[in-house]
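Here chain A shows up in two complexes: once beside chain B, once beside chain C.
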Partner chain A sequence: MNAAVSTDELTDWLRMMTLIRGFEERVKNLFSQGLVRGTTHLATGQEAVAVGASAALQPDDWVLGTYRGHHHALARGMSPASAFAEILGRSTGVCRGKGGSMHLTDVSHGVMGSYAIVGAHLPIAVGCAWSSKIQDLGRVAVCFFGDGTTTIGAFHEAVNLAAVWKLPAIFVCENNRYSEYTPIDQVSPVAHAAADRAAGYGIPGVVIDGNDVAAIRDAVDVAADRARRGAGPTIVEAETYRHGGHSRADPATYRPEQEVEHWLQRDPVAAVRRQLEATAEPGRAEQVETEASDQLDRALEEALAAPEPDLSTLTDDVYARAL
Partner chain B sequence: MTDSVHAESGTAPGAAEAPSTEGTDLGVVFGPGSPAVSDESGTAPVQLLTPEGERREHPDYSFDLDDEVIKGFYRDLVLTRRIDAEATALQRHGELGIWAQLLGQEAAQIGSGRAMGPQDFVFPTYREHGVAWCRGVDPLHLLGLFRGVDQGGWDPNENNFALYTIVIGAQTLHATGYAMGMQRDGVVGSGDPDKDAAVVAYFGDGATSQGDVNEAFIWASVFNAPVVFFCQNNQWAISEPIERQSRIPLYQRAHGFGFPGVRVDGNDVLACYAVTQAALRRAREGSGPTFVEAYTYRMGAHTTTDDPTRYRLSEDLEHWKLKDPIARVKAYLVRGGLADDAFFAGIEQEAEAMGEHLREGCRALPDPSPLSIFDQVFVEQTPELAAQKEQFAAYLASFEGAH
Partner chain C sequence: MTVMNYRKAIAEGIGRALRSDQRVVFLGEDVGAAGGAFKSTVGLYEEFGPDRVWDTPISEQAIVGAAMGAAMTGLRPIAEIMFTDFLGVCWDMVANQVAKARYMSGGQLEVPLVIRAHGGAGLGFGAQHSQTWENLLMSIPGIKVAAPSTPRDVIGLLAAAVADPDPVILLEHKALFDAKEDVPDEPFLEPLGSASIRRTGDDLTLVALSAMVPVAVQAAATLEAEHGISAEVIDLRSVTPTDTATLLQSVERTSRLMTVEENPRPCGWGAEIASIVAEEGFTFLDAPIQRVTSANVPVPFAANLEHATIPNADTVVKAVLSYS
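Now for the complex of A and B:
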């Protein structure tokens, strides 16, 4: 069913996936070095979902992500320098250094925020979709969330409302099998935590290989087409895996070694790289990787050189208009 | 979850099959088997007594008890309607602050209420006056809450009937928690019919849109908790019609949660009894929750502060009047020669006495001491609360000095 993937597309995908992976590696190092406060949640292993979904979207569509959301933002075109700066708490960050790792937001790229409260952003995505519908904007809202979110009440309220109002929303579940430390199959009443729930709302739900960029792109493409036609929302469940722990505080020792090994063998970045090597001229993949790495090095350097926000900006950006 | 959960789901008789694909492009793109929009087939509710008072057979559910039981149901239905009418009148006379009417929903409440055993436990909304009646709660106790003189004047443990819950859907969580407690107490699936117990959680169609209900469904399903989720779909969430709350027939909501859902004629007391009994049996034996959608109609207002003529058509009301839950039982009894005039007159007399009991009792309900607001907040009074009570007592005493 996959439309043929061109070498150019594969090149773009590998570039972005390498960028995301390299970004996450650098973020991990920054935290380890104590250069950043708080915690962070890395998307290493889940790059394909963000890249595949973004490949199906228009520039003015919206995405909303979770606290594990660096990949969503970068895939939509957020500059790595401003993302690094945000995580480092610098004034050149996307939220002027006051949001941090869990709150990357960039409206100019349709990144309508990352949200630390599990499930809280689903109703916000529904609000975006509603605004598109009532203003006839033709834009879709893609909401990324984890498997654990399906057990949250807000999931239910958001999906039901989107279904009833036939809103242009796409609910993309990145099912990485664990809600923090709990295997999802221990707490989900259905085999597919997100997709099987669709039956209860009268909307379509599909399960796809979350490590296959083309499969995700195609699924989101169909869902976006439905959404724009006014046919309502779709649940897309992408089966994937996080290579690391839940957060930087989690060594993830609760996962069976064999399981981890199985998924490492299915690394989405390596898969795209193999595909590209099979079609492109020799050296293309290495070139892309070198370029991405250089881009990240420059971006990090730029971010580290930026100043911290001035104390006088503390109360800025709380409300649209200052009180 | 475990295979046993999946094996159980869908085993309830009459529970709907998994919905088929809508015929969208998704089936083409994603291949067969992608669950999609449900169809409307098979949505006819389980019915054992028609509006004309004729018995009907159903392949999965039957009512096997004798006509004396049905006469008892008739009495319950009439008295419940009287309780509701008296309370509504008392509110109009200024004796109650508000009242949530159940007019039209008597059969759903009596049918399900009578299906329970004494060991089962009920978590009601604020409209379960008929269920309260079945559980043996003095209707006068219901009035105290609406008069504002207590916070629910009955002991939940006395009749296994929890206090009314005003917050929409919140009691489904309490019910699920209580049911999980039953599992841990060893009173589920023991094989002893007198010991095995279950919980019935009542809620309305509007509550199905609440996140809390989603969380209750998830927990109950995953932990196989003995809960019957009894939804009285009275078509209106205050002024919001059901069509604006769900894209599918409500009982199909259960599909997304891995347990069976069944739609029953909520104005048919026999069918409500039979379906609830089957769901309770399933819960008590340890097979997990069931979603029962009692398809009914709120003949009255949402509460006495609501005017439904502002948002719904009187012809809908007329249509539902023809399906009255009491008239059909009376028709059945009269047509079959099962009850004579004396029977009906006797019940009418009882209803009159009930009316008097409520009218006089309501006016005689004592006003609470202002200090009683501090009671029954915690099982054991906290020092902070005790101090506040003392402070408030001193404050009140300062007024007495001023007189």
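Now for the complex of A and C:
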């Protein structure tokens, strides 16, 4: 644990981690009540990766994530009300109800899309980084993806291109050990599915504790520094775990009980809470949690009160101007 | 006969193929130990084991590419692409490799493989998990393309696909998983390129595919009961090859044709059907051919928007009533 973490930082982290945890819990409830259509992929257990990476980024940096992406969007500052509304298919949703849970996008906070085709966003993130380089914007593009994503061609093409063009991209692998239901070691021949590949592309690959916010912040900080210097991309592999199933009602029975238990003991939210309690005045953690919970309740109420999109909007945004 | 739902029929059809032909292997993401992302392949891994049922990495190009290589060298692979939309990831394999190998090699190479994918909208899966691409696939020479609407056809068309010397793509529809039907216990196949008349009628022909078949059948029932209009419903079943004979015979009797398509309008499969009937059955027609299609938008997430996008029985009835 990095000594240089201030109480204020810990407070911010706990606030955001609690917000994400509570957000996902509410989404899960909404889903089981039949209020969320289709599918959802929760990030419960993986909050630290999003919060740690965001702590290292500038407001105008870009992030691209996946269908399991509520945490990235919230950590970057997306309003919980507009995120809830999107997931509920309401007109006030951040994508006006067109995207849904898998496609949260908030350009005003640098959230350049959540992508539901595995691997697709890695080359796109590389394009953002390329654009930053061409336009000399000094921005980095961070791409969050899962361990299973290292088995698709797009991963390798993207990393290679970013490396050979020395682009300001950071590839953050959230290694939660599973694709949908398949353990990563059954589909990847190397121990660290993402980081071990870095050597093959001549770039740094680091493996860190993905449940340690400070460790992630520090690793992304180093990577961002390298990126902004024009030295090229980095692969950061954060070892973490999803507390629940892959999606929807997946009971995740394919995971050994001791493994689940081991990771529940290493809950990232509880870890930050302990750190804060050790340094802050008594009651600070509870206060942060109450505030986050109240904020979520208000946001959800607002989202639930919002109307469905007007049918007249159906054909909006297919093109810039209707044909 | 055994009553079976569409979801179960998928595993049943694959199981029958694996049982009856040792050359058949089955591969895809989470199809084995997990029983499939939709639980549509439950039991196969347990029955046939890891030498016949292969769990792959998330590697659509490698799945279809490997299936192609295996098909060229004596096996009969069935490859699963979890969602039709993911065919986009391996479009090169499908459109440039699998489809063209026989032709470009002057008939030396043969690619007898089956690719199955789960497609279709209506369930809130959003724009990248809800598409129907029969029309795109139909425009590529060298592959056959079918889309079963019933459990019996899931099994019968798969049997025909596995037996076929050419690559066949079968598009199953997620919204049909719970549809039930009696299926024969003994081996049978439903030939590719043969449409099925789901309801007979005299006043108009509705041609539908996949999840639009029950929609058309329901519309036909309403038209009969409430408006005295007798609609014939043809389930096209395969778009390549197309059963033009059944179509033309029907239109010869009814003199009116309407297609019911889940794809957006431009270049939907119904446009091809309309063109065939306009060319070969023009004199049968008493009115212009009509097409009911999805709105020309990516499939939206919000419930009301998605439902407004896809045709339903009401929209078909309304279209028929305004069709004179």
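Before moving on, here are some points about what is shown:
Here is the rule we go by: the second predicted complex is superposed on the first by the 317 of 323 C-alpha atoms of A that agree within 3 Å, B and C clash if a C-alpha of one lies under 4 Å from a C-alpha of the other, contacts with A are read in each partner's own complex, and residues count from 1 in each chain.
One rule holds for everything that comes next: a residue touches a chain if its C-beta (ideal position, glycine included) is under 8 Å from a C-beta of that chain, and two chains touch if they have at least 3 such contacts.
From a predicted model like this one, the values you see are computed outputs, not experimental measurements.
When both complexes are superposed on chain A, chain B and chain C end up clashing with one another. Looking at the shared chain after the overlay, A:Thr39 reaches chain C, while chain B stays out of its contact range. Within the superposed three-chain model, A:Lys98 lies in touch with chain C and out of touch with chain B [touch as defined at top]. Shared-chain residue A:Thr182: touches chain C; no touch with chain B. In the superposition on chain A, A:Ile152 makes contact with both chain B and chain C. Once the two complexes are overlaid on the shared chain, A:Asn160 sits against chain B while remaining clear of chain C.
When the two structures are aligned on the shared chain, A:Pro80 is found in touch with neither chain B nor chain C.
In the superposition on chain A, contact is made by A:Ala191 with chain B only, not with chain C.
When the two complexes are superposed via chain A, 147-155 is the only one of 57-65, 75-83 or 147-155 in chain B with C-alpha atoms clashing against chain C. The contact surfaces that chain B and chain C form on chain A in the two complexes overlap at residues 151-154, 186-188.
Those residues of chain B that touch chain A in the shared complex are 1, 5-6, 9, 18-19, 21-22, 24-26, 29-31, 34-38, 209-215, 217-218, 221-222, 244-248, 252-259. If you check the complex, the residues on chain C that touch chain A are 29-30, 33-34, 37, 55-62, 85-86, 88-89, 123-129, 295-298, 300-306, 308-309. Chain contact summary for the complex, chain A toward chain B: residues 1, 150-157, 160-161, 163-164, 185-191, 195-206, 208, 218-219, 222, 225-226, 231-232, 234. Listing the residues of chain A that touch chain C in their complex gives 36-39, 86, 89-90, 93, 95, 97-103, 115-120, 148-149, 151-154, 179-182, 186-188, 254, 308-309, 311, 313-315, 318.
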